[in-house]
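Below, each structure is written out as structure tokens.
Note that subunit A is present in both complexes that follow, paired respectively with subunit B and with subunit C.
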Partner chain A sequence: MSDNLEVRGCVLPLSLHYSVGDHTWIRLEDDGTALIGMTDVAQNLAGPLLHAKPKKVGATRKKGKPVATVESSKWVGPVKSPISGEVVAVNEDVKTDPTVINRSPYKQGWIVRMQPSDLAADMDGLLTGQAAVDAYRERIESEDIKACEHVDGFEI
Partner chain B sequence: MSVDPEGKKILVIQTHGVETPNRTYSPLFYAMAAAAMEMEVLVWFTMDGTNQLKKGAAEQVELKPGSGVTLKTMLENAMESEVELRVCQQSLELFDMTTDDLIDGVDILGATSIIDLALNADHVMYF
Partner chain C sequence: MALDLSGRQYAHVDYDEKERLFEEVKGDLRYDEYLYGCYECGICVAACPSARFYDFSPRKIAQTMAREDVDLFYTLLNDSVWDCSQCFSCDVCPRKNSPGGLITLMREVAVKNGLASAQEALEGYGRVVYKIMATGTQVSPDMLQANAFPDWGPHVKDIAENLEYWRKALPPESMNTTETSWQVDDKTIIELYLIWHMTGVMDMIKEVDEGLFMILQDVMEEKLEDAGYDVSFD
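Let's turn to the complex of A and B:
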């Protein structure tokens, strides 16, 4: 069975948790921290990214508040955190080459690492696995989001 | 030392309208950027800028030929980003427009309000 499913060509790893409304994913790490990034749907909607500005290490964020601002030629907006916590690391690669988010949204293009402050409660509102894919499919179809196109070197 | 943007108030004053389409994109884009940075952002449309908010006008302005992105797209994106849009009451009258001519989501304010907004903003950007 595949580790990933697709909706209109947009890849959604089944192992991640998603805030479908905010187009973000979270990966829980063994050390108790969590990596956060934009989904394939989000990077495709934004287009080739020109700038990414994560919050600084030490910033505390409530769930739903931005952990970064990203810009393309046609869109600028926040990357909203799916959880509350403190930013403990920032991916410097996204600051120097924001297109890494387009190329590798779930791997090299992680944006911040957070130390959660209320993980159990925050995870309650997130979806994973088939439930996440189904919710995303519903959103993609209801908003008629265009099929994902991937740049050269795109990886999951 | 850079200023922490969170919570700051930005007032954007837009005086250009659909007759100069190249001047319609950036103010809204900057407003959206400020909103993404958690600032309170208000775009005030006055003078020719008033016509950007007329029903049916913005969708006629394609910001870059072939892009599919119209001024309507930008206005909707701005409002979705919680950028507040306001139009000058006196400018409406000057251009023979009424409330019914405006797109949804725009509030009308009088001239003295712009003074209050300017005084209370952390920064004002003029276009």
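Let's turn to the complex of A and C:
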């Protein structure tokens, strides 16, 4: 089985945990921190990004509060944190060139690294693997979310 | 698209709810100065630019309010008021009505009550509202992107890619910004944020776009705290 599944051309790696409602993902790291980013669906809905402003290192955020603001030509929105915790690192690359999120939403385009404060409780609300893909498929179809288009150099 | 005035699409909404919203519009202090009665002469329609492009009529707005037709009011509240360009050409009314003013009140009620139609109508303006609220300047040069303005032609791509240089070609110092229309003084920004706080504008934003509210709250509270104000938008 492939490591990724696609729904309407939008790629969803099976290894990540998703907050489907907020279009965000987290990757749990060996050191106990978690990387957070936007899904392929989110970058496609936003369009080519002009600005990405992550919260500063040291900021504490509750689950559901913004860890970053992203802007495209006519759209602006928050990247809502899927977990509570402290921002321990931000991706400087997305600050200088936010289109890296469009090109590589799951790798080079991670937005912040957080030290979780209550991971066990927060993980309850997140989905992974086939369950996440099924939930995302349902959302994409019920809201008739447009198919993903990928820029040159797009990588999984 | 033709405006469906049959009311069928809102038959499921309780009459009491429609009436509550109607009374909220009528209860506004400005209402009595915006509606004196309607001759049904149509001069407002003749003057209205939106009426030329959409199935929209300022006369319908004035007539509906004057006749207190609650069902039709609710239809117009959802499906018509966002077609108005708020130019107030309709103030030409010989009876001194202001259909545009009535629409201002209706839009405010639609937003305050978080109507789905208001959310949908304003969805495309998220960044414009963000810019006004956060920076005090409505549009920013960097909105000019090829994907957003395909009708401007292929040269938009070149302008967008070299925007910084294009902006520097403009002589006035204040016009070189790309993220805002001009450089905004910190004192102005603080005053703006305090106005938004005192007037309850943020409560309206919260009703129509929670995500936008969240990021504005972050930006404003941080800036106000740095300036020595203990202000919360919660």
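The rule is short, and it goes like this: the second predicted complex is superposed on the first by the 156 of 156 C-alpha atoms of A that agree within 3 Å, B and C clash if a C-alpha of one lies under 4 Å from a C-alpha of the other, contacts with A are read in each partner's own complex, and residues count from 1 in each chain.
The rule is short, and it goes like this: a residue touches a chain if its C-beta (ideal position, glycine included) is under 8 Å from a C-beta of that chain, and two chains touch if they have at least 3 such contacts.
Fair warning: this is a prediction, and the values are worked out from it, not measured in the lab.
A.B. asks: Assess the superposed three-chain arrangement around subunit A: do subunit B and subunit C clash, or do they fit?
C.D. replies: In the arrangement built by aligning on subunit A, the partners subunit C and subunit B clash.
A.B. asks: Which partner chains sit in contact with A:69 here, subunit B, subunit C, both or neither? Use first/second/both/neither.
C.D. replies: both
A.B. asks: Applying the touch criterion given at the start, work out whether A:78 contacts subunit B, subunit C, both or neither, answering first, second, both or neither.
C.D. replies: Both partners.
A.B. asks: State whether A:47 touches subunit B only (first), subunit C only (second), both chains, or neither.
C.D. replies: second
A.B. asks: Counting residues of subunit A in contact, which comes out ahead: subunit B or subunit C?
C.D. replies: C
A.B. asks: Name the contact category of A:129: first (subunit B only), second (subunit C only), both, or neither.
C.D. replies: So A:129 meets neither subunit B nor subunit C here.
A.B. asks: Where on subunit A do the contacts from subunit B and from subunit C line up?
C.D. replies: In the superposed arrangement, which is not itself an observed complex, subunit A uses residues 65-66, 69, 71, 74-78 for both subunit B and subunit C.
A.B. asks: In the complex formed with subunit A, which residues of subunit B make contact?
C.D. replies: Touching subunit A from subunit B are residues 29, 32-33, 36-38, 67, 69, 77, 81.
A.B. asks: Which residues, counting only subunit C, touch subunit A once they are in their complex?
C.D. replies: It is residues 124-128, 130, 142-145, 147-149, 179, 211-212, 214-215, 218-219 of subunit C that touch subunit A.
A.B. asks: Tell me, which parts of subunit A touch subunit B in their complex?
C.D. replies: Touch list, subunit A to subunit B: 65-66, 69, 71, 74-78.
A.B. asks: For subunit A, which residues count as touching subunit C in their complex?
C.D. replies: Against subunit C, the touching part of subunit A is residues 47-48, 50-51, 55, 65-66, 69, 71-78, 80.
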